[in-house]
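What follows is a set of structures for review.
Each of the next two complexes has subunit A plus one other chain: subunit B in the first, subunit C in the second.
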Partner chain A sequence: MNQTKLQFRTGPAAPKVLGVLAAIGLATFAAGLIQDAPRAWSSWLLAAFYFVTLALSACFFLAFNYLAKSGWFVALRRVPEAMTAWLPVAFVSMLVLALGTGQLYEWVQPHGEHAHVIAHKSPFLNQWFFAARIPIYFAAWIFLSRKLAANSRAQDADGDLRHTVSSWKTSAAFMVLFALTLSLASFDWLMSLDATWFSTIFGIYQFAGLFEAGIATILVVVILLRRRGYLAEVNDSHLHSLGQWLIATSVFWAYIWFSQFMLIWYSNIPEETSYYLIRSQGEWWTVSFIVNPAVNFVLPFILLLPRAAKRSPRMLLRVSLIVLVGHWIDLWAGIMPRLMPQGPTFGYVEAGVTLGFGAAFALVILKKLERAPLVPLKDPYLEESLHHNI
Partner chain B sequence: MSHQVYSKLREPLVTGDVSLHQITEQACAPLERRAGLTWWMAFALALTALGVGAAAVTYEIATGIGTWGLNKTVGWAFDITNFVFWVGIGHAGTLISAVLFLLRQKWRTSINRSAEAMTIFAVICAAVFPLIHMGRPWLAFWTAPYPNFRGPLWVNFRSPLLWDVFAISTYFTISLVFWYIGLIPDLASARDRAKSKIRKFIYSIMSFGWNGSSRVWSRYETAYLLFAGLATPLVVSVHTIVSMDFATSVIPGWHTTIFPPYFVVGAVFSGFAMVMTLLIIMRKVVNFQNFITVNHLENMAKVILVTGSIVGLAYSTEFFIAWYSGNEYEGFTFVNRATGPFAWAYWIMVSCNVITPQLLWFKKIRRSVPMLFILSIFVNIGMWFERFVIVVTSLHRDYLPSSWAYYTPTLIEIATLVGSFGLFFTLFLLFCRALPMLALGEIKSVSKFGRKPRHPELDDHSKPAAKQPGKSTRAHQRETAHV
Partner chain C sequence: MSRLVIGVFADEDHVVDATRDCRLAGFEIQDVYTPYAVHGMDEAMGLRRSRLTWVCFAAGAAGCAFALWFQYYTQAVNWPINVGGKDPWQMPAYVPIAFELTVLIGGLTTMLALFVRSRLFPGKRAKLPAPGVTDDKFALVLLQRDSSFDAERARAILAQHHVERVLESGGLS
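On to the complex of A and B.
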């Protein structure tokens, strides 16, 4: 292994540029608050949740690979490990969100003809309990993801198998808590935006988007690192495997998207169709039913079907970027229509806040990647991964 | 292709240091020796059960569906429960052979053949139920959309019941072809070893002139991969469509959006439990312990634990959303399930599907064959009751309290269920005598896997490793802390 390229170093400019962009993001949010508070808060929710899903997806990727005893992912494992470092920042972003519940959620002050239905949910949907759940979710996510990353780095030093065993156990605990917390968190943060609406598949739907976008992020980071001469250990077969995950998760997303839509459409029950009704008005229809399935499923599926595409860094990078935009659109079409039923508008607030979050996310990943060798040097499965060949 | 490297942590997939020749010998032995007393006794039992079922179905068809315990409130009960139960069982085989193949899970090689056979037989059992539910099964061809002479009478493409016909027949066809393709090389082995002329003749026809050349193998592998890719979406689509039989309705307890993935996971759960039950018996009876090792059983136990927990999550989500929705009928249905006249069935379901599988968190239990056997039977029972609970408890107390009813199955219905088990085991026992129960070619390809000098500390992770010279005190403390 090439020792010099084992240690990642960012250039001197990158942190400054990213820091400035993050500050611009905060400034746009502040400006947005003055101009149109509900819209600014919606943009904050969109960006904050978007990056929570990327970081959580990385941790889920680590956990299921540990539990499945897979060997191939070891060479690129530092990338998802670094992505989980975002979770503490994400925690702060969600605590900030708790300040904006009054602007975002109808259930804070139920009014109108369905007020009694919303009031029924108040034992669960009230500001105090909503805010109290946030630290519970993040405590589980941060603690377990840090444990996985710490085990991995401790093994670099001593090569002790105990760290792998500990990661297996941590992963199992993560899976259980992840399933519970992600379901509830997606009910809290997203589903309750449409306060009278409900769908039992909603947690799985958010999971599908999370999974797909997480794989896309891992691919982007891995490919960019390879372009700069790092991660030479990651060969075309690793890219191929990640590409297979990307196509598989895009199909899974489509399956869950379709299941939810189809059952609600077919049964045509008013309290359920309300969700799709506002998303079929005007241009929201195009976004929800043409653009969203196209970028999250049709394009990734068709473009990645050939074997050669899954081994081409260029193609994988393009498709991953499409999927990352797609995940944003998916959340956008989930969050915004209730606020702007007249039609989709994309302005400086949405752009600025997301950009700011993106810059901060990139900064955290880059800093985290610097802190450890890019390859887990003494992992018991490393040899398998270095010889990954499919 | 460069040679594969395996971590020292990998456990061997084939134990007992058997040679390639011994693998063939051991795997073909059940085909070539005369059937023993155990087999004949099991076969007689299965045939009897099948006979009981056939008699019940004959009586039912001759008399009418009035022989069942259905009433005007509960119009779907035992028959549909059995249908969904058997379709669910039929999921593990193709999951093991297709999905695990795509995921490069090498441990699938020892269990895929019999699991696939089971899939096919389970789907056959499932198909019987809608057929007899028609009441006039001789009109079953009406479900086929062909130009007909019945005037405006045409199949209803908007009905999920019709989608079922397409989904299940596609699944059955692909599973059967996939299974048969996998069988061809092994049928050729059976042909080459056959002593009698008739035997040789039959296996020759069945193995399509397989000659084992590298060209044939290469095409075979390509075909196998393609079929795995085609079969994977089918594993998901079948139970998705079965779930839509219920979820497209507007009946509380049936209509909920989580049904498609929840049914698929439940099907994998029940399928793996049935594979586990059968393989535990089979490995003992025909001495396959070297091929179907405790590691294989442990892997299956992990799949059962994961899918059982997901099913538990789905139950809780449904319950939570029933309250959250604020819809009183939705809420009533779930409270009624847990506390109403069918509460016994609900709690059997929860205990067998969610609570007892949690024992599989313990490695000792995951590696204890008797415990796995018991737990897998529990899952089989629990998953039957899951379907019963969904079908019957959602119906028996509808919007009009004056029409509330209870449902009790008649003897005819119970005999039909017994008969379906009879059919399943008859087919499975015949399979054990007629076809190679292990995928010989595939097992040989992994027989060297994980077989190498082993690091002593890796054998049992729960025991502390002896302190190695040069290891830091901190590492040692960490180790001791883990114990």
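On to the complex of A and C.
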């Protein structure tokens, strides 16, 4: 192994540029608050949720690979480990969101013909309980993801097998808590935007998007590191396996996306169809039913079908970027139509806030990657991973 | 008449290396028998990529097209059915069936194509080059078509890769 390339170093310019971009994001959010507060808060929710899904997806990726006792992912494991470092920042971003509930959620002050229905939900949907649930979700996510990363780092020093065993147990705990907390968090943050609407599959729908976008992010980081000469241990078969995950999760997303739509469309019950009614008007229809499935399912599925595509860094990078844009559009079409039912508008607030979050996310990952060797050197499965061949 | 030279190995790495060297030396490899799938054997034997994926793709597309046509014909053309006041031609309702038939016809056709192509059927007797290849031995089978086959050289390459024993045969029975 090339020892000099085990230690990642960012260039001197990158942190400064990313810092400036993050500051620009904050400035656009502030400007947006003055100009159009509900829209600015919606953009904050969109960006904050987008990046929390990427970090959670990385932790989920670690957990299911530990639980399956898989060996192949060890060579690239430091990438998802670094991505989970975003969770504490995501915690702050969601606490900030709790300040904006009045501008975002109609259950804060129910009015109109459905006010009594929404008031009935107030034991769960009220500002204090909403804010109190945020630390509970993040306590579980941060504690367990840190435990996985800490085990991995401790093993670098002593090579002790008990760290691997500890990670298996931590992963099992994470799986159970993740299923519960992600469902509730997506009910809280996204589904309650429309307080009278409900969909029992909503948590799984958000999970499907999270899973697909997380794999795409891991692919982007791995491929960019390889381009700069790092992670030479990651061979074409590792890329192939990640590419298989990407095509599989795109199919899974389509399956869940369609399942939610078809059952509501078929049963045709007014309190359920309201969600799709505003998304069937004008240009939102094009976004929700043409663009969204195209970028999240049709394009990734067709482009990644050939074996050669799943082994080509260029093609994988392109498809991953399509999927990352697609995940944003998926959330955009989920959050924005209530605010702008007349049709989709894309302005400086959405662009600026997402850009700022993206820059901060990249900065946290780069800093975290610098703090550990890029390959877990004493992992018992490392030898197996280095010979990954499919 | 063609004859076979069979090298029996005890180790998977040895048989992969011997296969690669025999192919590069110009010997024709009839097949390699291993108790389990050996990584790197495809490349060592110089096999082309399987075309079975194209069978799967075509059959899946045909299954999808058939399912859509069948539902359209039975529910919208031949005997229009009114379900919940919806139009007879309703794409969302047809998607689950189209998906299922894509998977079913794609999967079954691929399996049948594999069986036909490899002449496999229930009750077929296995033709094995040496005892133990379903257990712990690996057999590399070289095809000897005519007198240009350099048997000495073949045995030398096999020996170089720790062959356990070399058999000669007129064909597998």
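Heads up, the rule we're going with is that the second predicted complex is superposed on the first by the 390 of 390 C-alpha atoms of A that agree within 3 Å, B and C clash if a C-alpha of one lies under 4 Å from a C-alpha of the other, contacts with A are read in each partner's own complex, and residues count from 1 in each chain.
What we mean here is this: contacts are C-beta pairs under 8 Å (C-beta built on N, C-alpha and C of every residue); 3 or more make two chains touch, one makes a residue touch a chain.
Note that the coordinates shown come from a computational prediction; the quantities given were computed from them, not determined experimentally.
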Problem set entry | Fit or clash - subunit C, subunit B, common subunit A | clash
Exercise. Is it subunit B or subunit C that touches the larger share of residues in subunit A?
Worked result: B
Problem set entry | Which of subunit B and subunit C A:Y266 touches, first, second, both or neither | both
For this session: Considering only touches as defined above, state whether A:R227 meets subunit B (first), subunit C (second), both or neither.
Result: neither
Exercise. Who does A:N389 touch here: subunit B (first), subunit C (second), both, or neither?
Worked result: both
Exercise. So, does A:L161 touch the first partner subunit B, the second partner subunit C, both, or neither?
Worked result: first
For this session: Could you tell me if A:R9 is touching subunit B, subunit C, both of them or neither one (first, second, both, neither)?
Result: neither
Problem set entry | Clashing subunit B stretch [against subunit C; choices 128-136, 200-208 or 398-406] | 200-208
For this session: List the residues of subunit A that touch subunit B in one complex and subunit C in the other.
Result: 262, 266, 387, 389
Seminar exercise, completed: As the complex stands, subunit C meets subunit A at residues 39-40, 49, 53, 57, 84, 92-93, 95-96
Problem set entry | Complex interface listing, subunit A residues touching subunit B | 67-69, 71, 117-118, 120-121, 124, 158, 160-162, 164-166, 172, 175-176, 179-180, 183, 187, 196, 198-204, 244, 251, 255-256, 259-260, 262-264, 266-267, 269, 271-272, 380-381, 383-384, 386-387, 389-390
Exercise. Within the complex, which stretch of subunit A touches subunit C?
Worked result: 258, 261-262, 265-266, 268, 305, 307, 387, 389
Problem set entry | Footprint of subunit A on subunit B - complex, ascending | 1-9, 102-104, 233, 236, 240, 244, 247-250, 255-261, 302, 306, 309-310, 313-314, 317-318, 321, 324-327, 361, 457-458, 461, 465, 471-472, 475, 478-479, 482
